[in-house]
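Shared between the two complexes below is chain A, which pairs with chain B and chain C, respectively.
Our next item is the complex of A and B:
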C-alpha cells in the first residue's frame, strides 16, 4: 500500500481490509490460524522447548531468505545459495584441520563465497545469461569443484578447540538463542540497506523496470554483481551458524530441498518474483509461517517425503497466487524471459 | 596503374572477406558450430579413451542415446515454444515407475504398460502446460517446483513397491525384444528413436503445428496477433514433452527392468546442457531436431568418456555445469550479436579504377534546360516509377513502389487506373510481340501481365552456381529486360548480394555482383548468361536482332553482347568512361539509343572506389546513413548513336522535376521520363524527332 494511495483515499483502510486484501495479510492470518491449530491439536507444540527449537531452526532459513530476497527484489533469483554455503563452510573447516588458524580459514571461506557470488553476478550482468540458468549451472559447478578439489567427506565437523564458535549456534544472550539474535541483527541491517541507502533504492528501481533503470543511468551491471556477492556472503554466514548449531556441516544439503524452502519463504512472504517490491517484513512473515508449518509437520511425525510433497504443493499454490496478484507486465517482460 | 594499386586490387579481389559475411548470413551457421564441436569431441575421445570404438559399446551407446535423445527432444520442443521444462527428470522417474508397475507388479501386457507410462507423462506434462500456458506462470520456477513435487511423489511410492518391482520379472518376449533385441544389427529402441525423431522433424519444419510452435517461441505477441492460440500451443508443447519423456522412460525400463532411488536425478541439467550445446536457443523459436541430437550425442559421449576414465561423480557434475554455463553464455552473446557482426562484415569492397572523366565529353555534357519544361504526369499519384513504357494505343504504363502497375490513359494522361497488382516493386518493363507486358519485379522475379491485367509468373529462379555460398538461384533484384525477336527474354539482375531496399549499398562494393540472365519460353528454362557484371542495369535489344546492349552502372559503361549470329558469345565495350552512372537504355528514333544517367560521377567517389580499405573501414565504423555514397541525385539523359557516340544531352537545370532519371521512352515525338525515387513522370516534346515513330512498331514491325 503506497503512500500516494493512502493520501488519495478519504480514509485509510481498516485493519480487516488490510488483512484480507493483501497477500501479506492472508499469510499472516494463515500463520496465526496454523499456530492456534497446532497449539490446540498438538500438546507438545506450545512447550517452551519446542518453540525454542522452532525459532532456532527457522532463523537459519530466515537468514538465507534475506539473501534470496535481495536478489529477488532486483528481479533476479539465486538457486546456487546452498552450494555456496556448503562448499565455502566445508572448505574453511578443511583448511583449519590442515593446520591454518581458524580465523584465517573463516576469512578464506568468506573470500571463496564472495568470489563465487562475484562470478555468478558477472555471468548474469556482463554475460547476459538469465539469472536462474546462471545460478542453476553455477550451483552444479561450485558443488562439483568443492567435492573434487576441496574435500571428499560429505560431513565436515567443526574443528576442535573453537569453543567461541560453538556459542553462536548454541549459546544464549539474555535467554534468547544467539541464532535468533543474529537473524534479528541481519534483518535490521538489510532493512536499513534497502530503505536508507542508495544501493537499496537502486535495487528496487532495477526490480521495478530494469530497462528504465539502465537508461536512467543506474550502474545496473556493477549493482547486479554486488547483489549476488552479498547474497553469497549471507549464505556463508547462514552456513556458519548452521554448522555451529549442528557442530558439523553436511554437503548433501545441496541435494536436499532446502533451496525450495528458501523460495517458499520468499514467495509466501509476499515478495513477488517480478521484483520491485517486498521488504524484510515479508521475509520475517514468510519465515514464521514456514517455520510453524515445518515444525507442526515434524511433530505430527509426517514422513519426510510427504513433507516435501506438501511444501512443493504449497509453493506451487503460492506461485499461482503470486502470478494472479502480480500479473506479468507484457510491456516490460522480454522475449526469452523465463 | 601503380604497383601499389595492383597489390590493393589483388588483395581485395582474392581476399576480400566476402565469404565471412556470406557464411555468417546462412541459417545453418547456428548448427555448424555444435556440429564441429561434436566432431572434435568424437575424435578426441576415440584417441584418449581406449575401447571407445567398439561394436558392443556402440550398441549400448545407441540404446542410451534413444532414451536420452527422446528426453532432449522433449526439452527442445518446450524450449522452442519459448519455455523450459526442468521437471523432465522427475517426470521420467514417475513414468519408469508407471511402466514397471504395469509390467512387474501387475503383470499387464506391454501395450497397457506403455499406455500407463505415456499416461503418467501426459498428466505431468498437462499440469505444467496448464500452469504455464493457461495461467501464464513463469516456466522456469514452475517446472522447478513441479520437479520437487513429482520427485516427492516418486519418493513416496517407490519404497512401497520396490520389493515387488525387483522381485518379479515379467515373462514377455515383446518386452525383452524392446530392451535387448536388434533389427538388422540395430537396437530396436534406437530404431524407435529414429522414427520418432524423423516424425518430429517433419512436424516442426513442414507442418502447421510445428510452424505455430516456432512462431509462438520466436515472437509471442506477433503470434497472438496473427491469430494463433498461444495458450493452447504452449500447453501442448508441455504435453508433448511429457509424452516423449514417457516413451523414453518406457524404453529405459525395458532395458534395465528395474529402477533405483536416484533414477532421473540431475537429468534436467544433463539434458539442458545437451540441448543448449546442440544449438537450440533459449529465447525460443530457434532450434531443430538435428540440434537436439547433436547435443545429446555430445553430452552422452562426454559423460560416458568420463565414466570410462573412472572419474568421480562430482567431476562429472562440474564438467556438465561448466559446459552448460559456457553454452548458455555463447548462446546469449551469439543471438544478441550475430546481426551486429553480420552488418559490420557483410559489406566487402573491392578495387575499382574508373578512368578519369574524359575531356572529350566535357563540352557535350554542358548543362541545358531541355527537361525543365516537361509536362508532368501523375504528380503525387505514382511513387517510384522506375521504368515507363507505352502501348500501341498510346497508354502509359509504369510500376510503383506499392507493388502495382499503373496505366495512364491517352491522350492527356490525367486519368489513371491500377492496371495490375503484383506485390513487389516493378522495375524494368517491356512489351512482347503479342501485347503482353513483361516486368522485372524487385525481390520476386520476372512477371507477365496480359492485356486484361492478369498476372502470371514467368520465372523467379535461375541455375545455381556451384561455388557461391549465398543461394544465387533465387532472383533478388531483376532490374531491366528486353525480348529478342525469337521470344527469348534477356534480363539483368543488378546484384545477388543485396535486396532492393539496399541497392545503393552495392555501390560501395564495386564488385561484379550482378549478371545477365536469359529465359527461354520455348523450353521454360532460365539460364545465367553472363556473370560478374558490375550492377548490370538497363538492357535493350540492338536492331540487328543478334545482340543487345547492357549498362553496368557502377562501372559507368555500356557493353554489347551477341547472343546469336556469327559473333555469338562475344562481348565488346559499346561506350565506357561515361560521365555518370547509366541506368535504363531504350531505342530511339533514327537508329539512336536513349540512356538515362541516374547520377553523375564525382571525383571523391571515384577516388573512394580505388580505396577499398577506406570503404571497408567506413562500413564497419560508422552508421549507414553517414556513409559516402555515389551521387544518385543529379543526372541527365544521353542520346547515343548506333556506334556509341554521344549525340545529345538533356538536363533539368533547376532539378525541380527530374533531378535523377532512371528511364526514358521515346514515343511519337515525345520523350517520357521516369525516376525510381521520383513521384512524377515527365513528358518532353522532341523537336527533331519523327512524330509517328514508336519503339514497338520499329522493333516488332506493324502489329
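Our next item is the complex of A and C:
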C-alpha cells in the first residue's frame, strides 16, 4: 500500500463504503451495471455512434437539470421551467414569422424568459411564497399568457431561412453533436459559478441553512431572484437547442412529464431536495443514467407504459434512498420545504 | 258590332294588365320560403365544441370554419377548451349536460373516456357530432378520418417500397403517439392488417412519442443506430414527425428511409413534403372536414328528430400528398379558413 492510499484510507471511509453509503454512489453503481448489461445483451449498444446518440438524446434534459440543480441546491424548486422554455422560444419564432429579424426575435425571447424568472424569484423572495407553489402557479400563468397573447398554434416550426440556427441542434464539432458540446460547456460554466464564485458559495450557504445565511448578512432575497432568473435563462437556451434539433417546438411539452424527468435527473444524481449539497457531477451522473435507461429501453423496443413504469419506480427508489441517506432532522427540515 | 269590338279591347287590356303584373312580380323575384326558414329557424340555437385542446392546426381549423358559419346563420358557437386534460373535458361535458345546448361537437381523447357521457347527453336531448376521433358510443353523427384506412394506406405505401427485394432491407419502424387514442388504436390495426399479409416486413421498433417531436427525433436516431439499413418508417402524426424526419435527415438517410405520416394537411406539413422530409403525407383535409361538420350541424339543428334517433357517419376522403401534388389546393393555412 502506498503512502497516499494509506492516507486516504485513514482519512475517511473506503471507496466501497463511499459508494454504498451515498445515493450518488448507488446510482453510479446502478448506471455501471445497466451499462454493462446493455453492452453485453444488446448488439451495437456499445458502438460509438449509439453512445453519441445516447448522450445527445439526454443533453437537453441535462441542460434543464443544470438549471434545476441551481435552485434545488439553494433549497428551491422550479417547476415552471418548461412553461418558460416553450413560451419564450415559441414567441421568438412567431415574432420572426411576423417579419422581424430572427436575431432580434431571439433577444426578445431571452428577455421574456429573464423577466419571467425575475418575477418568479420576486414572488418567492419578497412575497415569501413557497417555491413549489409559486412556480406551479407561475407555470400556468406563463403558459396561459403565451397561448392567449403570443401564439395560437402550439406547434411552431423553426422559421425559414435560418440555416445557422439549425446547426445548433443538428451540427457537429469534431464529430460530436453541438448539443452535447453545449451541455458540456454549460456544465463547466455552472461548475465554475458554483465552486469559484461568491454567488456559488452563497447558493450553498442558503441551501444549507437559509436562516443562518440571512442572519449572517447574505443578500438572500436578491440572490433568490438571480437564481430563478438564471434558471429561466438556462431553460430558454435548452429550448433553443431543442427547437433547433427537432426543427420545431411544441408548446404542449408543458403538459408532458418532462418536468418530472428533470426532477428525476436531479434527484437520481444525488442532489437532495432539501438543498445545500450536490454539484454538477451529480447532474451529469443523473443525466447519463437516465440516458442509458431510455436508450436501452428504446433499443429493446419496450412498451411505452412499461417505460413509464420503470422510470417511475426508479424515481421512487431514488427518493426513498435519498431520505434514508440524507435523513431529515430539525436542522434541515423546515416548514414549506419539500 | 261596336259592343263586340269594345269587349275584345277590354279583354285585351285585361290580359295585358294581367301579363304586366306577372312580369312585375318576376322582376322583383319570388320569395323562397325555405330560405327564410333556413335563416330564421337557426337563430337562438346553441352549439358547443369540446376539442381535445385548442391551439393546434386541426382544432383551430375546424373551429374557425364552425365559427364562420355560426356568424353567418346567427346561432351561437362556444368552445370549452379542456387543454389536453381528459378530466377537464369530462367535467365540461357534464356541466354541458345540465346547460343543455342544442348540439355538441365532441373530439374524443380516446375511445372510452367520454363514451358513457355521450349516451347521457343524448338521453338529455343534446344532439352530438363527433369529429375525427371516435368514441365507442355512436351518436347522431361522426365526421372525420377513417383511421384504419389511413393505417392501411400508410402500410401499403411502405410495403410498396420495402417488401422483400424492393428496398435496402425489409425493416420498418413505427412511431405512435399516445397508445389509447382512437387515431393510434385503429391506425395500428390498419397497419398490421396489411403488414401481416407481407411476412417479410419486420417491424424493428414501435415506440410512443407522446406527440413530442424531440422525443420522436431521439427515438428515430436510436433506431437508425441499431438498424442502419432501415427502409421505411410510419409516423402517426405530422406534428410529431417533424422530429422523426429531422433524425433521418441528420443521419443522411433521407434517400434511404421512406417516411409516411398523416395529418390535417396544413401548410406546415406541406412545407415538410416540399423540402423532402416527408415522402408521403396522408392528409385528412381539415377544410373539407370543417365543411362536412358545418353541414351536419345545420342538418341536425333543422331536423325535428330527437337526439340519437338516427345515427350517421361519414369517413371523409383522404388526400395522398407527395412532392408531385403539394399545391394550394391540397394545403391550407389557418388564416385562409378564418
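Convention: the second predicted complex is superposed on the first by the 315 of 338 C-alpha atoms of A that agree within 3 Å, B and C clash if a C-alpha of one lies under 4 Å from a C-alpha of the other, contacts with A are read in each partner's own complex, and residues count from 1 in each chain.
Definition applied: contacts are C-beta pairs under 8 Å (C-beta built on N, C-alpha and C of every residue); 3 or more make two chains touch, one makes a residue touch a chain.
Only a predicted model underlies this, so the values are computations on that prediction, with no experimental measurement involved.
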*Which holds for A:316: it touches chain B only (first), chain C only (second), both, or neither?*
first
*Partner chain in contact with A:295 - chain B first, chain C second, else both or neither*: second
*Looking at the overlay, what does A:147 touch: chain B (first), chain C (second), both, or neither?*
both
*Which of the two partners, first being chain B and second being chain C, lies in contact with A:155: first, second, both, or neither?*
second
*Regarding the shared-chain residue A:253, is it in contact with chain B (first), chain C (second), both, or neither?*
second
*Does chain B (first) or chain C (second) touch A:50, or do both, or does neither?*
second
*Identify the partner contact of A:305: answer first if only chain B is touched, second if only chain C is, both if each is, neither if none is.*
both
*Thinking of the overlay built on chain A, is A:101 touched by chain B (first), by chain C (second), by both, or by neither?*
neither
*State whether A:60 touches chain B only (first), chain C only (second), both chains, or neither.*
second
_Touching both chain B and chain C, residues of chain A_ = 147, 255, 257, 305
*chain A partner contacts - residues on chain B that touch it in the complex*: 82-84, 131, 135-142, 144-146, 148-149, 151-153, 155-156, 219-221, 265, 269, 282-284, 312, 314-322, 324-325, 328-329, 332-333, 336
_Residue ranges of chain A touching chain C (in the complex, touch as defined)_ = 43-44, 47, 49-50, 53-54, 56-57, 60, 147, 152-155, 157, 160, 170, 242, 245-253, 255-257, 294-295, 298-299, 301, 304-305
*asked:* If we count contacts the way the header does, which residues on chain A are in touch with chain B in the complex?
replied: 77, 79, 123, 127-130, 132-134, 136-141, 143-148, 255, 257, 260, 263, 273, 303, 305-306, 308-309, 311-313, 315-316, 319-320, 323-324, 327-328, 330, 335-336, 338
*Using the touch rule from the top, collect the residues of chain C that touch chain A in their complex.*
53-57, 60, 83-85, 176, 178-179, 204-208, 210-214, 216-219, 221-223, 225-226, 239-240, 242-243, 245-246, 249-250, 268, 271, 277, 334
